[in-house]
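In structure tokens below, several structures.
Across the two complexes that follow, chain A remains constant while its partner is chain B and subsequently chain C.
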Partner chain A sequence: MPSSTHHVVLGNGIAGNHAASVIREREPDSRITIVSAGALLFYNRYDLPNVFRGRQHWVDYLVHPPEYYESRNITLRRKTQVTELDTRTQTLSLAHRETLHYDKLLIATGGHAYIPERLLDYTKLMLGFHNFIVAMQAQKSVRKGGTVIMLGGDVMGIDLARTVIATGHRVILVLDSRTFWPHEVTPSERVKYLQALTNMGVEVQDSGRVERIEMISGTGSARRVFLENGEHIRGDVVMPFYGLVPTVDFLATSGIDMERGILVNPQLQTVRDNIWAAGDVCQIWSAKHNAYRFFYGYRNVKAMGEVAAHNMTGKKATFTSTVSEELVINRDGTLYSPYWEYD
Partner chain B sequence: MGNERVRREYLSEDEDLSQQQYFGERVVTTVRFSTDPRDIGWVRENVPCQAACPADTNIPGYIRTIVEGRYGRSYELNRIANILPGVLGRICSRPCEPVCRHGWPGNGKPVSICHLKRSAATLKTESHRISEHLYTPTGRRVAIVGGGPAGLAAAHDLSILGHSVTIYEREVRAGGMLRYGIPQFRLPRDILDIEVQNATRMGVTVQTGVTVGNGEGEVPLSDLRSQFDAVLLATGCMAAMPLPLRDQDTDQDLVAQLPNAEYGLDFLLDLHRGKTKTVGQRVAVVGAGFTALDCARVARRLGAETVSIHIRTSENYIPVMDEEILEAKREGIPIRGLRTPVALQIDDNGVGTGICFVQNRLGGWRASGRREAIPIPGSEFTEPFDTLLVAVGQRTVNDYLDVPVELDRWGNIHIGEDDMSSVKGLFATGDFVSGASTVIEAIGHGRETAVKLDNWLMGRVRQHKVVRIEPVDKPVRERQFDFIERQDMPTAAVSDRFDQMSTEVEQGLDADHSLEEAKRCYLCYLKYEIDVDNCIYCRACIEVAPRDCIKLVEGVAINDDGTYGELEETGVWRDAAAIWIDNDECIRCGACYTVCPTRCISITKNEIITQDI
Partner chain C sequence: MAYDTDIQISICGSAGDGTIAVGDIFKRAMAHIGYRVIAFDQYPAEIRGFGKCIARTRVATSRVYSMKGYSDVLVSLNDLHAIPHVGEVRNYGALIYDSAPMSAVAEGAHISGHLKPGHIPYALPMREVSELATGANRSRNFVALGFVAGLYQLPQDAFHHAIAAKFESKAAAVTKSALAAFDSGFEAGAASYQFDDVRIDAPRGRKSTHEARMMTGNGAIVQGCLDAGIETFFGYPITPATGIMEHLAVEMPRHGGRLVQTEDEIAAISAAIGAGYAGSRAATATSGPGLSLMTEMMGLGVMAEVPVVIFVSQRGGPSTGLPTKTEQSDLNLAVWGGHGDARRIVLAPTNVEGCRRCAGRAFEIAEQFQVPVIVLVDLYLSNRYETVFLQDENEFLPKNWKPATTPGAGYRRYELTTDGVSPRCIPGEAGGIHTATGLEHDEYGNPSDNSGTHSLMTQKRHEKLQAAIKHPGINFTKRFGDSGKVEVGLLTWGSSFGEALEAMLLAQQEGIRCAAMKVVMLSPFPVRSVLRFYKDCQQILVPELNYTGQFAKLLTSEIALPVTRISHATGAPLDVANLVEAIRRAARKHRRRHNAA
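Our next item is the complex of A and B:
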């Protein structure tokens, strides 16, 4: 492998950073660039609920010290939006009209919050929890003892609900078919798990889906959520937790195979020889399931970063998930998801 | 250049040249018309949207006139190519947009060409007068079987060319799939009515409720042949393709046998003929085209609780616009990919309860340009349904042909280069020839056939295409237009859509948003050229160029057809034979034109038009 190989990693999350780290270990002289749409250095998103506990300085969330990238000779390009990938010329188009050439590319752009298309008109009336800045906004929007209305209730939302309740706030959860996402639960399991949520202090609202959301004037972020049965509930903030959707918009004309995410083989390679994908953005062929599947959770995503890095540097590695996909009810009757585990 | 009429003059400031284009001391030419293959080839290669349009619409032309606020002219420029701009501005499959240069890598998103077509139709004045250039009556009579888009387009053009045209339409109103296939929430019928009337008011007789065929009360095709100088078949693809399933005999059709399953095409035809249609709580739709999406969205409006669309590949590879997919999803209709139906579950009462799929993986590309799906053995699963709608394709029906005419191996009528069948005077066009295609393809083919039929009737070619080359006095596009985002189409709130089938979902761009969107167009029909004889190689144009659009070249390859090919670029000044503007890269910003000290850069507008011979 020539030392001038330029590895470009799209995404500044767990998969991307771990891959960059492994590539550096295996190829001390190659060129590595991480392209990040966000402004911050790599931080631990799993820790974000702690903004409700008062940990409100971004430095507290950093995984590596700021000098890490320089010491590893990794270029981190922040606030850089990739708009297109041209696999023929091996170039990425950036939003500010620059192009970036790669020799090997890892797409680890992750996912962003899925908003059901029927609710897209209300996107601006909701607040996500997908990055530090928005998490801080959410925390500031909730009064002491105030109410968070959670829509959907995927495992990231339930994780946040634990902290929000523990810090003295109310959580009203409006159920949806995607509650507990990405866990797939049977109707009988769902009843048990909903009881567990109640045991955790979550106020479960099962009166139908959200029909519309209205702003309460003069109240900042306070909202009124109308349900299909005509009822409405009021909260300081409305937060959507309907699961993730892979961030692949910039690949529309790339010729890379996609279904919902990027389709890759167990070596995490796309249909292009020099392009891999890892993390929440990819659907991996699973011989066990006879299907392309997403594999979520910190450990899966980190493992994918490692597998991709090995394959990008000439070693043959295959991804195998080691994370349980079962929701667990603890002895105290509360709920536990293996997807909450991280190092 | 061969037959062009070119005048080159150096003008001074005080000359009165009001009849000519006057630009100080620039080298100018008057408007000229060219049949030189290099000029025609230039337009075909450099105006990709127009080249992709089956009707050959002058897209930069109609978008530029929107910027000028000339909506009526914009509508007419559309109508020259396509008789139904208001209709196509809503439901066109938009083959132009994927090739738009604004959508090329690094340039952003393509221009909303289709939405602007609608804007022209909507924003023109109420008193707008349509233009028709009528030929002298020829005394020839033409019968057209089928009043869909291809038949209407051919009827319009043939009537303009002076022939007496009669359309035979089996339904009670003309419009074909536009009226009986496409739901009103995508295509309001008042828009269709007006444009169909405009297409036929030049003397076309429309006989509706008349079936051409061999049954009782029907008009035999052979009678039409004896009564008319020519007959044009434009009956489209009006039968559904059966769903191939295992455990199903070749002559068996399980879908047709189930009381709660139906072919999507028949479902939509019945609905639009006025039949009352009902669906169950859970509706499964199988298919990946517009018909499948329309069926699913109609089912939601008929009260289905859950509707899902099942496709063999993934939504990235289905021949439907992204906006249609998004609107279906907003209406709560998920698209489930990578699955092929293999069997139906039927209960003891003969009612379908579920559809079995096999999981697919993506394969290569088929010759048709569609993606292959490869079934994975042993990966079957079942989806329950109360109503199943199948929309996996459409086919032609030709049992009404009572003349011995040659068919191809798919059973479609075989036509020659002149669009005439093996029977003299019997022509065919549109989907009846090509198989199921799009409305704009049908219109484009209908118009082409009209010209060929006219050639045959008159015994000579009466029209040809030329390039109209008009000097432009200054750059008309600004650099900052590049940074305008594509304007989103406003839509009706989801909660307001389901009360009435006729509530139009897309609301249309208003004048302000249309203007912003129109500004984005690169106006690829504008040709920037450097007059090498007057260029002093000062590099000023290269230095101000915002992109790599001005190049040093040693030469230019000439293609076999006489058109220009690849540029032979050089980085060495002493090797440069010329400085050349690369129209692939040029964004028509005019920076080079403005800075040139010797005014050796010219701008011309190049449009393909039809001229009498």
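Our next item is the complex of A and C:
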């Protein structure tokens, strides 16, 4: 392998960072660049609910200090949005009108919150929880003892709900078909799991889908959510948790095969020889299911980073998931998801 | 929580980007708010073209003495120029840059690719914001300035005020578009999440009852000249001294003075000596190359015992050298330059307030001792802005030379007196007729090649200057830091003293006993107080901005004791971190020796 190989890792999340560190271990001399649209170093988003517990300095969430990148000679390009991939010239177009050449590319752009189409007009009236700034905004919006209205209720939302309740707030969860995403649950399991949510202190609202959202004037972020049955609920903030969609918009003209995510073989390779994908962005061929599948959760995503890094550096590795996809009810009657586990 | 604000922000752009202009507004606004400000701009030597400009401003709640060796914030108005300075920014400091350049950039040409992992990026489409706010992209410098003010929650009013003042003489539309661009940038800054740890706390109540003003060293020299009642100035432009003449050209006519731009430096010094001879408070200003030309005529000033003040702002040399870079390499020329034993007085202020004081006192001293006085600064001090608190009342003495008590037939203009200073008459004074010449002369001024006369007159011209060391109203040496015996002493002069003092304060925080002394009078040399200081220090470091250690050599020739030279000739001020390291090394050496003993 020529030492001048430029490995570009697109995405500063778990998959991208783990891949970069493995590439560095295997190739001490190659050039490694991590590209990220965000401003921060890699930080632990799984821990973000802790902003409600008063951990409000972003540095406390860092996975690695700045020196980590310097000592490993990994270039980190932040605030660098990729707008296009040209596989013929092996270049990425960056939003600030620069191009970046790669020899080998790992796409690990993760996913972003899915908002059902009927609610798109209300996006501005909702607050996500996808990064540190928004997490801080959400926390600041909720009064002491105030109410968070959660829409949908995927595992990220339910995880957050645990902390919000534990810190003395109310959580009203407006149910949807995507509640418990990405776990697939049968109708009978759903009843059990909803009871577990109630045991956890979540106020479950099952009066139909959200019809519209209104701002309560003069209150900042306080909102009124109108449900299909005409009822409405009031909260300090409305947060959508309908699961994730892969971030692939910049690949529209790339010729990379996609369905919802990037389609890869079990070695995480795309249809292009020198392009791999890992993390929430990819759908991996599963012979068992005879279909391309998403594999979520910290352990899966990290393992994908590792597999991709090995394959990018000349080794043959294959991804297999070891993470259970089952929701569990704890002895105390509360809910537990294997996706909440991380190192 | 109240803490000490001490941040440095650098704005880097290309000539034409308005870098220096917004840097100027930033420092004036911050001084207006009540911070102590010290600022230094760097700009290209070429008047036209796209050279690099950097406006660096240090803002603090307490007094600071030099620029910092690193910046807390770097604003890029031109990535090509700013990229080499990215390393200046500390970890968790901020980089603010344009996220939407006008045209495509080559790989590696955008600043975002050069940030260190510890830097906090703020990408702002400056050009687009400027276009939206003003209809043109020219004002992106104001967008950037506004962003800084918004991000750090600085009072918008102070900036509005400074912008309006800056464009006072321009069409109203200029101010309007600058304000619109500033406000848009401010809004963007205020809406940004501040990830960096740059804190700008509200300034504390100011101790001084005097008005705070932002001044450069050159500006302070002008103020000193005006306060001392300068009457005539002759000069020829040369960077970095030109600002003195430019400013005086505006001010002197208002104060009843006269200023003439002469055809060259020789004419300038000649005319100034002529005016001094005629009893006028007279001065000229130049830089190293000009001082070379003036040395012959300065000899005349010494020989004919004529008061005149020569302001010299040093730049990198020799020859045309580095016109826009700083250096302290004209000490030899100022103290010794020229033929014959032509001793004169040389003062070297160490900060902006000192520039005013030395300028004002220089006229008194020149008159009292009837000799040319050089006030020696350098580009770094000439162009550096500091907040100064000027006193209302003028402290400088009016003309007060030793008059001739009995002019008449026996009037001896060069009388050998006990203090060496002779009674002075100016042309036109009844009974004051005498010969003033460049030739050696007797007490009447008549040319004489008598060896005894030459010997006595040479002695007179030297000895009369010794008393200058005691001239009131100015500290010719001053000690800072720990009193009594110390491990490390820093002895230095001119602009370098600020860095030395900062380094000393940092070393003290590390538990090193150290002190620093500034030497303001270089000729005659204040041997006694320097010796006293020397004896208190286990080791003496002499940092300065030249290659040969000119001050260190002057020092060793005067006190005949060894010192450690820290000579630095890069065209840039001293680096405080390097100085601290040198102090640490010296302290370690001392401790090893001490322990071994």
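Quick note on the criterion: the second predicted complex is superposed on the first by the 343 of 343 C-alpha atoms of A that agree within 3 Å, B and C clash if a C-alpha of one lies under 4 Å from a C-alpha of the other, contacts with A are read in each partner's own complex, and residues count from 1 in each chain.
FYI, contacts are C-beta pairs under 8 Å (C-beta built on N, C-alpha and C of every residue); 3 or more make two chains touch, one makes a residue touch a chain.
Small disclaimer: the values here were computed from a predicted structure and weren't measured.
S.K.: Kindly say whether there is room for both chain B and chain C on chain A in the superposition, answering fit or clash.
M.R.: After superposition on chain A, chain B vs chain C: fit, no clash.
S.K.: Between chain B and chain C, whom does A:274 touch in the aligned arrangement: first, second, both, or neither?
M.R.: neither
S.K.: Between chain B (first) and chain C (second), which, if any, makes contact with A:76: first, second, both or neither?
M.R.: The answer is second: A:76 touches chain C but not chain B.
S.K.: Could you look at A:136 and tell me whether it touches chain B, chain C, both or neither (first, second, both, neither)?
M.R.: A:136 sits against chain C, while chain B stays out of touch.
S.K.: Figure out whether A:286 sits in contact with chain B (first) or chain C (second), or with both, or with neither.
M.R.: neither
S.K.: Of the partners chain B and chain C, which touch A:265 in the superposed model: first, second, both, neither?
M.R.: neither
S.K.: Once the structures are superposed on A, label A:198 by its partner contacts, choosing first (chain B), second (chain C), both or neither.
M.R.: neither
S.K.: Contacts for A:252 in the overlay, against chain B (first) and chain C (second): which applies, first, second, both or neither?
M.R.: first
S.K.: Considering only the touch criterion stated at the top, classify A:41 as touching first (chain B), second (chain C), both, or neither.
M.R.: second
S.K.: Give me the angle at the C-alpha centre of chain A between the C-alpha centres of chain B and chain C, rounded to the nearest 10 degrees.
M.R.: Nearest-10 rounding gives 100 degrees.
S.K.: Is A:50 contacted by the first partner chain B, the second partner chain C, both or neither?
M.R.: neither
S.K.: Between chain B and chain C, once the two complexes are placed on the common chain, what is the minimum CA to CA distance in Å?
M.R.: 5
S.K.: Do any residues of chain A touch both chain B and chain C, and if so, which are they?
M.R.: On chain A, the overlap between the chain B and chain C contacts is residues 97, 99.
S.K.: List the residues on chain A that touch chain B in their complex, please.
M.R.: 83-84, 86, 91, 93, 97, 99, 116-118, 120-121, 211-212, 252-253, 257-260, 263, 285, 290-292
S.K.: Which of the residues in chain A end up touching chain C in this complex?
M.R.: Residue positions touching the partner: 39-41, 58-59, 66-70, 75-80, 94-101, 132-133, 136.
S.K.: Which of the residues in chain B end up touching chain A in this complex?
M.R.: Within the complex, chain B touches chain A at residues 103, 105-106, 108, 314-316, 326, 329-332, 337-338, 359, 361-362, 376, 378-379, 493-495.
S.K.: In the complex, go through chain C and note every residue touching chain A.
M.R.: Interface residues on the chain C side: 91-92, 98-101, 103-107, 109-110, 112-113, 115-118, 120-123, 193, 195.
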